[in-house]
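Next up: some structures, all given as structure tokens.
Two complexes come next, and they have one chain in common, subunit A, joined by subunit B in the first and subunit C in the second.
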Partner chain A sequence: MGIYFRKRKRPRPIGVSEKTSPPDGNHNSADNTSESLLLSTDIEENLQYLQAIFENCSDVVYREFLLAQQEQIKLALIYTDGLTDKSQVSEQIMRALALEMSMATDSTEITRANALHYVKMRGLCIHQIQESQRLEDVVDAVLSGDTVLLVDGHATALINGNRGWESRSIEDSKTEIVVRGPRESFVETLRTNTSMLRRKIKNPNLKIETLQLGQVTKTDIAVAYIKGIVNEGLVSEVKKRLGRINIDGVLESGYIEELIKDNPMSVFPTISHTDRPDRVAANLLEGRVAILVDGTPVALTAPYLFIEAIQTPEDYYEQSFFASGVRVLRIASLFLALTLPSLYVAIISFHQEMLPTPLLLSIAAQREAVPFPVFVEAFIMEVAFEIIRETGIRLPRPVGQAVSIVAALIIGEAAVQAGLVAGATIIVVALTAMASFTVYYSGSIALRLLRFPLMFLAAFLGLFGLISGLIIMVVHLASLRSFGVPYLAPVAPIITEDLKDSAVRAPWWAMDKRPHLIGQNNPRREAPGLKPHPPRERKR
Partner chain B sequence: MLEKGKIGGRQAVYLNVTMIVATALLGAPALMAAQARQDAWLSSLLATLLGIPLALLTVKLSSLYPGKTLIEYLEEIIGRWPGKVLGLLYLFYFIHITSIMIREYGGFLVDALMPQTPLIVFNITVVAISAYTIKLGLEVLARAHQFFFPWIVFSLALTFLLATPQVDLTRLLPVFESGAVPILKGSLTPTAWHGEIIAFAMIIPFLAKPDQARSIALYSIGYVGVIFFFLVIGSLATFGPGIASMNYPVLNEIRLISITKIIDRMEPFIVAIWVTGGLMKVAFFYYVIVLGSAQWLKLRDYRPLALPLGAILVALSIAVAENTMQTFDFIAHVWPLYALTAFEMGFPVVLLAIALARKKGESALD
Partner chain C sequence: MIKKIICFLLICALVLPLEGCWSRRELNELAIVLAAGVDSAPNNKILLTVQIARPSAFGGGGGGQKMAAAQENNVWVISQTGESVFDAQRYLEAKVSRELYWGHTVILVFGEQLARNGIRKAINYFSRSPNTRETIWVLVTRGKAADVLNSHSQLETTSAQSIGNMARAGVGVPVMLKDLSIMLASKGTNPVLPRIELTPSGKPQGPGMQENIPEARGSQQQATLTHAEPTTTGTGVFKDDRLVGWLDMSETRGLLWLKDKMEKGEITIPSPRESGKNISINIIRGNTSVEPFYDGQNVWFDVRMQMDGALLEQQSTEDLTDPRIFASIEKELNRRIEEKARSALEKAQLTYEVDIFGFGEAFHRKYKKEWAVLKDRWNEVFAGADVNIAVQARIRRTGLTTNRISKER
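Now for the complex of A and B:
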């Protein structure tokens, strides 16, 4: 076990300690038991220690130099190459200490004994400096991209906050696209992400608590909420569930999502994920909690309700009538994406009388040459579509277009001409596929999965089978909760006030309350009576 | 307490309405018209009026023993062993009517949707889904039901509206042709349906606000009355008193709907929506049975009883009648007397009298 593995209150799971041991596992093993190892006053000894810890870590840089003083005071910089802003290291630290400090101070004042104080107060031109005497803080700092400055004769390290690494610039959201509204999306750097939130919510009540998860990766996690709006119980519940996590690494927020989900065996998401800062900000303002994870642009928000599958950020920016219309469309799409293939199977195999006669005849004519029962036909086409979709995502960009043309041609045209499937089936599958994209992504994953069992049921029992499947699904949905909030709210249990933001999106002057079950702590979000109206009495 | 969930007032009203309407809507107009002919709509109104005292009776009994279900307070009213016996009878009654419901329901699906599928397939499916639901508890049942309820009401309203081209109100004439007696006879079966509100006594303790029980029961009876009324008026005005010879007059009414040849033959859709209602009704009674049995046996959890009782229900639902006609005959002629004289009215009246007397005696002793 490495010395920088902090003490844990809970026993470590068996097997983790060996696996997660860093390369320096054997070093300092004698000191394992001490809670925190302190630095020594001898800079050489400290350096030896650190070099032992960072053995074979070729990206850690040690730079020793002398303070620009008469008395020879040795300094050492330790940082990780690539994580630190190198120009700052050379300009603001080394240049300042090795050359310019003598100009700023009377050189006789500085002795070995007060060197640390002068270096910090007069020498370093770094905006954020922490002092620490603990070795593990030094190691953490180096690995996080800070630059550690050791001064000979002092058992205190100066940790300079000059992180700076290559990162992607802020770009348009890739997964949730809007026509009207902010374009920016989160990036992989946690600090950038929290700054984007802070820029949207300039309020000291926006709290961003950080913690580290992952014994090996030591990933920074930020829990964001707005004090005074959020339900305190929710925050402590989120923190409690995060505190349970004991895992070697957290590479994406999906790890956390699965580890803190309410009902782990459900295909429906009970935690939302998004890469849009405006969505997170809106969720925070409604009293939700956001979890941001370093290294991924995808943030989590909770509680997440089923109704959010048909809500997009743009609904709140566009005018309400249009947004409501689109929502109704999305509900229809959600229903189609889930049931259209099974409805098709049920009607064609059992309830032909439901179709108008001319349509029935034309479908029958198309299906004349098809050798399979309609269920097999639809099933094959659905699977084929899923393959195309998966291909489209994984394909290297240059070949993507070529393959999608081939797929469209073969599946669309050739399959019909070859008599493998009926044209109507292609239409059904294509419409289903299109419809599933209008629904919020992680919600549509569940629909994609459930489509197949529903098709089976429809093939066996017709409409009754389909309805039975839907009933089981709704019963399951009704049994779900997301952080204590019933998943089907505001529909079941019905919350009349919240229906303003469900199938319709009421104008902003009408949505004066936060969602009841989430924002009950501070229910009102705007003053009543904001509906614009012309002045009641005209002035003469 | 066995059930930890709480249900809201509105959810309880919805549950009650479905509990009464869901299977009744299949054959109710025909059963009423068989006695009262074109005055069947008066029967339905009368039944609603007669339903109100039944609802009040149920609620009054529960209010005397707050926090207790029917099975639990029976023992308090008439003593331990007689209470056990009567409780067992009530459980048998619930099991009996539930198996009839399942029979009726499966039979309807066979007749209306899939004539070549064996009845037991539907019965097993319905019971299996209900078993899954009640294992998740009353709250989930109420919530899932709340999700479906608007659709059921919507489908009924849509049926009524789309069928208006066929409606001819002169078919309701002459009113009061053969006097009051046939109307009274015609109202017996729907009154017995209203009386199914006795099952509400099993969930009153789980209301979030038990003092609302009275208004919940009255609202339920009111809504059911309105739905019955429109169902009867709709099918009577479409077909006239001839509906008496039909099995499923409302279904036939839907079959006639044809709007410009596009909205045509929509009964599978409507039936599919009714399926949810029927399923929820079965699930509710199944829940009442399972919960009641667990309380009768003084178990700590009712969930282990779900599957065994479900097996009994499936088996009984096949054995209870040979065919649809027999089912309807039972519902029309035997069940109202059996239900009203004993379990829905007779026993509760006696129980209330004893309970009131005991309460009076106790307060006199104090």
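Now for the complex of A and C:
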């Protein structure tokens, strides 16, 4: 612990900033000194200054032109090429100012003194314009893709919100696939992502607070929650933890996840991540907080409970009986993914009595030619599977098929034929592999990791070792918290009300309350007695 | 923190191998004993025979070996004499390259000679050793146990499994090691064991199936062309731990009735109207209650039997919708069941003079004090006791048809 705290007490400036003043805890400000710098009234001076800041930034464009009037007022546009909608720059700004404004009847009234007002009020055809005197805002705006318009003689810059860059279109979710339900997934642009949320929750109480993290990258982060449903304490805790972050760059939400996690040394995720807007919206409606990060389609939601590993968005769209059945199946596969190889090792090398005689004989026949102990055999196959899985993800598409054929041949046929592994081991490994993909992805990562120590324990201590490993795991799980919520809730501590949405999924008319520990601020989510029924009284 | 974690992981990594994989047994280091047979040998020794599975002959290893595997014998039967069972087993380890593994032993067979001398001296290892199970099926054979073990099943992979399955199906009287121990410990009952023999059963299907029938053993062992399949042929009756005689299959049915172990079976009775034709009834449910009576001098028993059955075969053509005919069939059924029970009872009371039905235990439950006096001469008391048998048989169903569709004209 000592090392950890020592590091925290001496925050060092991070990144390229040459100033050495320590960060003041305000994540928004990059450095204190530039904050006081204001624009000058002289446009040339401003341009020189900006050119100095953007030295060697070849993508920053300066465009000077004149307001076509008798007074020859000089204007300058500064924007970043590629981040700005160029047609808007030429049509709505330059054409409007340089040509159309001069044709207006009252154009003669424009003087150097009121130019800024006229440009803003009459000239620019841009939907969103901000004014700023601070140089820092100008720099930020240019880098964010806005177009900055400087007017000679005015110490105020007009920041035109005409961002527009090449971005991926909205596609099907790649990680969480559903048969029934919305297909769309988040994209890399933060605004698009928040708009997807807003489209699902058309309510002013959906608050989306933005802030910037990353001394160098200045990444936009949005904290979304629904006021009136969320626990205010949770929001402030999330913001407090985000405020603590002082890092040079945030390239993915994973950075944030690891920096605000409750138990940093645990393999189990205590913050959920998803690229599905509907999942985020559902989480918000239950009283959770979402964190969206610019530049990644993966959003975070918290608190995250263990039970969510077996819940998918589709459970809530498909009929409840089917969803409940599938959830039971997922619980079974969760256990299989975690324990099947170790159970196999333990039984084959310690507890042969547990098998029915014909099965024992059949496995004994398969293992007759295998030169390794069963643990080594199973371990090799598990590692081989992990290698194949990793290859499958990283491979360039065109090679993928060839490799998967080779892998299937090696694992499926050749290894058995060569007598290196028993057929039963292949079945166990294959079943484990498949089972591990039925549960929520980041939940299954933890299970996949823990499979190996459990196998190790089973190989040395048999079922005794396996059970002790599981007990240790459960004790650890019970000690975890996600933003103050017990990780194993609603099972431990038992919350009977919430069991409706655990191993089973009750019909919507029965799930009238939000999860108790998360949505206690506003527990009821629907009116009672919504169960459909025929009319009670029949009047004649 | 990091140091502590590293230390903890190191301790784990070092301690676990120290266990040395205690009691770890790799599957291919085990000789799976499927059946054990015990015979008596000269000089008061015993002869232990084990049937060991040969996994390599089961196929399933490599694809190429499969063809050869079908020709091979998939068990290895090996015998060894010793002072005791365990002694013989230790000697066996010198011949068998793998550790004998008793966890999956299906059957334990006693040879006739050993059974007549007493099975107590052979049974202790199997109930005391933690390696074996209490659920082994125990059987007795006419002749040598080694011959029964040295046989093949046409249907199952090994004859041990075949015999085990038959015992489980309740063809004879099913006795597990734990049942035998209980019967041996109780004075109110004497042990019975199902009798297993090799009998000619059709042509051998493929090589490696030709076996000698024990009766055919002459001066030389000559392979006959008839396959010998292990067959349940009756019951061995014990007085305490010594074999005193046999019951045939019909008497065994009576034994099952009286022991309240009747679970399924068939009863054939002559047709009440048409002579020379039979009716067969399938037993759906049968139960028996025994009530002892004692007046200070005489002991007698009231045995009540109930049976539910389904009429599944009718050679004759009488009208089954007629209640009178139906009643007469049921009456005949009662008579037949009583007859079977009587035949077993007579054998036990008159020929062998042993209580193999557990009547003594029923007596013990009802007359605790008197039992203390009678228990040491219970078999004599039993042999002289009267037994009243009342049977109430009901035919619940008549199969898919009621009356015969095709009647003779």
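The definition used in the following text is that the second predicted complex is superposed on the first by the 501 of 540 C-alpha atoms of A that agree within 3 Å, B and C clash if a C-alpha of one lies under 4 Å from a C-alpha of the other, contacts with A are read in each partner's own complex, and residues count from 1 in each chain.
We adopt the following convention: a contact is a pair of C-beta atoms (placed from the backbone, for glycine too) under 8 Å apart; a residue touches a chain by one contact, two chains touch by 3 or more.
Model, not experiment: these values are computed from the prediction.
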Clash-or-fit label for the pair subunit B, subunit C on subunit A: fit
Comparing the two partners subunit B and subunit C, which touches a greater set of residues in subunit A: C
First, second, both or neither for A:Phe350, with subunit B first and subunit C second: both
Partner chain in contact with A:Met434 - subunit B first, subunit C second, else both or neither: neither
Touched partner set for A:Phe456, first subunit B, second subunit C, both or neither: second
Partner chain in contact with A:Leu360 - subunit B first, subunit C second, else both or neither: second
A:Ala369 touches, of subunit B and subunit C: first, second, both or neither? second
Touched partner set for A:Val406, first subunit B, second subunit C, both or neither: neither
Cα-centre angle that subunit B and subunit C span when viewed from subunit A, reported as a multiple of 10 degrees: 40
Touching partner for A:Gly419 - first (subunit B), second (subunit C), both, neither: second
Subunit B versus subunit C as contact partner of A:Leu466, first or second or both or neither: first
Subunit B versus subunit C - smallest C-alpha distance in the overlay, whole Å: 5
Residues of subunit A that lie at the interface with subunit B and also at the interface with subunit C: 350, 353, 461-462
Of all residues in subunit B, those that touch subunit A in their complex: 8, 10-11, 109, 113-114, 117, 121-122, 125, 129, 132-133, 136-137, 140-148, 261-262, 264-266, 268-269, 271-273, 275-276, 279
Subunit A residues touching subunit B - in the complex, by the definition given at the top: 347, 350-351, 353-354, 356, 461-464, 466-468, 470-472, 474-475, 477-479, 486, 488, 491-494
Subunit A contact footprint on subunit C (complex, rising order): 1-2, 16-17, 19, 21-28, 30, 32, 34, 53, 55-63, 101, 103-104, 106, 133, 157, 161
Subunit C partner contacts - residues on subunit A that touch it in the complex: 1-4, 348-350, 352-353, 357-358, 360-370, 373-374, 416-417, 419, 423, 456-457, 459-462
